[in-house]
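These are the structures in question, set out in turn.
Look at the two complexes coming up: chain A is in both, with chain B in one and chain C in the other.
Right, the complex of A and B next:
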C-alpha cells in the first residue's frame, strides 16, 4: 500500500472520533521523513512539487542520497504532505486563534477557515495548477477526493455543524465543490495577494449555508403533501 | 400548479409535523463537556475494529431511534383523534423516543460519525409504517410496537454484549504509572449506560403495547412478521449505508 504514513497508516475512512482514548497522530514529527518534507516545502515555491525539492532538503540536513529511498514518488509525497499539513493547521487555528473564538455563527466560521486554508496555498501559488492536474490523474483521484472530503468534514466539524440527517452530506459536498472552484480560480488569479480569490470566497461562501436548508425545505414540502393527503382521506372517511 | 406552489413557499416555512419533529430534535444541543475532574487513567487507543464497531453502533442506533420517533409521530397523527384515550400513552412513549433520538444525534455529532445516507428514506418509511398500522386500528398499531421493540431490544442487547466483551482496553494509571486492565473510560461507560437505559425503555414500550391489546392483533401475524423483517433489514442497511 502506498502511504505517506510518517509513522501511522492513514485511515481509509474516518470513523468514530474518541476523546479519551489516544488518537494516532498522523504526523510523526520526529521522523527524518517529516523533517525532510517540512524543509522540502521551502523549496517548492522555486522547484514546484518535484522530487528536486526533497533532494535539496535532504542535502541541507547532510543526509546521504541513500535516504531518497524513503520517497517512492517525490511529487506525490510533497503534495500529500502539503494537503494534510494545511488541513491539520486548521485545527490549530481553531484552538489557538483568538479571532476565531470571537466568531459567532457557523457560516462565518466556515468562511474564515476556508480562507485560512486558501492562505496556505499562497506560497505555492504558481504551482497550484500542477497540484490540481496531478490530483485528478487516475492513480491519484481516489486519495485526492478522500483528502478533499476530510477537509470539508474538518471545516464543518470545527465550525460547529450539527446536521443529523441528509443535510450532513449536502453540507460537505457543497463545501467540497466550492473549495475546488475557489482553488481553480486561485490558480489563474493574477491580482496582488490573491485579493480577487478572497473576494470570490466571500461571495461564494455566503450562500453556502443555505444548501442544507434547501434540501430540508424540499423534504418539508413532501411531508406536507403526504400529510394533507392523509387529512383528505380522513375527512372523506368520516363523511362516508 | 405544483410548481407555482413550490415557488411561493416562504423561506423557512413550516407546514407539517415534520418541522415540529425537527424543531424538537434541533433545540436540544450537544451536551457541553463539563469542567473535567483530574484524570486518573490514560486510556490506550481503540483499534480499527473497535472504532468501526462504535461508528456503526452510533449510526444504526441514531437511524433506529429516528425511525421510532417517526413511527410514533405517524401513529399519533391518526390515533389522537380516533382513540383519544390512548393519547397519553402514545405521547409518553413518543417523548421517550424523541429523547432517545436526541441523545444519539448528539453522540453522532460529537464523535464525528456520519449519519445514515438514506435518512430521508428512514423518515418516510417509519412515518408510513406508523400511519399505516394506526389506520388499520389500534391493535395493529400496538402490534407494530411489539414487533419493533422486540427487534430493537434484541439489537441493543447484542451491542451491549460486544461492548462488554470486546472493549477491555489497557490503561495507564497516572498515579502509579502502572498499566491496568478492567477500567473503562467515561466515554465507553456512558455509551453502555445509554444503551442499557434505552433498552429498558424499549422493553417497557413492549409491555405497554401488550397491555393495550396488542395480542388481539393475532390475525395480523403476517403484518408483525413483516415489520420485524423490515426492522432487521433496516438495521443491516443503516449500519452500512
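Right, the complex of A and C next:
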C-alpha cells in the first residue's frame, strides 16, 4: 500500500487483532455464574467435565438445584468456561511474567505461550479426551472452533505477529492444527507431568514459524503461474 | 357483568364501570387494557375476563397465536430445564396464574423424562376459581389423576398468603403476570417464596423487535376480539387481552423490574420468541 503525501509518511502499524474479543457476558468475574463455574472447575478433576461438577459447586454455595436453569448448555458451559479462562490467562502471563519479556523472537514466544496453555490442561489431564469429544459434537463445534481460533489469534498476537496478508490466516490455521494435535497427544500421554507432550510441543512448534512464509511463497508462485498461463492463452488467441 | 354485555359485543367495557374512572382523583388507579381503572377494581375485572373465557381458554389461545403458544411453552419448559437432579431432595414448583395447568404438567413431565424425577411437588395457584377448576378438571383426566404431588390453590399472586417464605424452588408464571394489578408486588412475592438458588421463569407477551412483523402483528391483534366473539361469544374479554398485551412493559423494562425485586438476571436478560411477540425472562434468587 502506498501513501501519497508530501510530509513525512506516518508509519501506521495496524495488527489485525481485536484487542478485546467480545467475551461472553457471563465471563465477568462479578457474576454469580462465574463464581459457580469457577468453583465447579475444582470438581472437574474428580467428576470430569460433567454437569455434576456444576451441581456440586452450586450445592456448596447452598443454592437450590433449581439454579441449574442458569446453565442450560450444561456441560458445554463448563467446558467453555475452561477454554476462555485458560486463554485469558495467557494475557496475564504476557503482562506479568518477566520470563516472557526476556524472550526475543516471535517463534520462541509462540512456543512459550502454547506450552503455558497446555499447562492449563494439566489438572484436568485425564478428562481431555472427554473435553475434545464434547467440542466436536455438532451443536458445539461452531463455538468450539471459534474459541480455538481466538486462542491461536491471541497467541499469535501476543507473540508479536504483524502479518496482514495471507500469512495471517495460514499462521493461525497452522497453530490451531498444531494445538489440537498436541492436545490430542496430551490426552494419551502417560509420562509424568506430561513431559512427552511438552517435548513434542517443542519439536512441532520449531518449524511452525516458517509456515507463514511457505504459504506466501506458494501463493506467489500460483499467482505467477496463473498469470503467465493466461498470457499464454491470450497471445495464442490474438494470433487468430 | 361481561356475560350481561355479550348480547351487544361492540359495547365498550367502559360503560360498566365508568363511575370508577371518574373517581380516580381519590384513589390509586391502574390499567385495565387501555382503560384506567381503580387499582382495587382491576382484580375483579380481570377475574371476570378469565371466568368468562375459562372453558374456551385453550382453543382461543390456539386461534390467537396460530398454535405457536404451544411451542413457546415447550421452549419455556426446556429453557428452565427444571427437575431434581440425582442425589438431590425433590424440588417444589409453584405455577402462578397457572389455572389451565399446561405449564405445571409440562414441567413435571420434563423433570420425569430428563431427570427421572418423580418426587418433586407442584402447586398450581390462580386467583380465579373458574380457571383453576379448569386445570383441576384436566388434571383429573390426564396421567396426574390423583397424584398427591399436585395441589391446586386459589391464591392472589401478589400476596400468596398460603405460601411460606423460602419454600419453593421454581416459580413460573406464563401469560399471567400482565394481569396482575401490581406487577412489582407479584415479583416481590415471588422473591419471598423462593429459596436461595430458586428460579423465577416468566413467559409473557412482549414487544416485537421487527418492523414488518410488528405491522402484521398489530393488524392481527385487531381481529382477535372478533375471533373471541365468534368462538367464545365474548368480544370484550378478548379486547381486554389485546390491550393488556400492548400495555405490558418492554423486555428491558420488565427485566429491570425483576432485578428490582432482588433477582439476579443472567445475561442476556431475556429471550425473545417469534420476534419478541413473547419473551422468556429468567431470574435467580441468590
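Quick note on the criterion: the second predicted complex is superposed on the first by the 191 of 240 C-alpha atoms of A that agree within 3 Å, B and C clash if a C-alpha of one lies under 4 Å from a C-alpha of the other, contacts with A are read in each partner's own complex, and residues count from 1 in each chain.
Throughout what follows, contacts are C-beta pairs under 8 Å (C-beta built on N, C-alpha and C of every residue); 3 or more make two chains touch, one makes a residue touch a chain.
The shown structure was predicted, so the numbers you read here are calculated from the model rather than taken from an experiment.
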{"item": "Greater chain A contact set [chain C / chain B]", "value": "B"}
{"item": "Touching partner for A:104 - first (chain B), second (chain C), both, neither", "value": "neither"}
{"item": "First, second, both or neither for A:153, with chain B first and chain C second", "value": "first"}
{"item": "Chain B versus chain C as contact partner of A:61, first or second or both or neither", "value": "second"}
{"item": "First (chain B), second (chain C), both or neither touched by A:162", "value": "first"}
{"item": "Chain B and chain C contact sites that coincide on chain A, given as residue numbers", "value": "24"}
{"item": "Residues of chain A touching chain B in the complex", "value": "11, 14-24, 153, 157, 161-166, 168-169, 213, 216-217, 219-224, 226-227, 230, 234"}
{"item": "Interface residues, chain A side, partner chain C - complex", "value": "24-26, 31-33, 51, 55, 58-59, 61-70, 72"}
{"item": "Interface residues, chain C side, partner chain A - complex", "value": "78-82, 84-85, 87-88, 91, 169-170, 194-199, 201, 264, 266-268, 282, 284, 286"}
{"item": "Chain A-touching residues of chain B, taken from the complex the two chains share", "value": "6, 9, 11-19, 22, 25-26, 29-30, 33, 42-46, 48, 51-52, 54-55, 58, 62, 66, 77-78, 81, 105, 108-115, 117, 119-120, 123-124, 127, 131, 169, 185-187"}
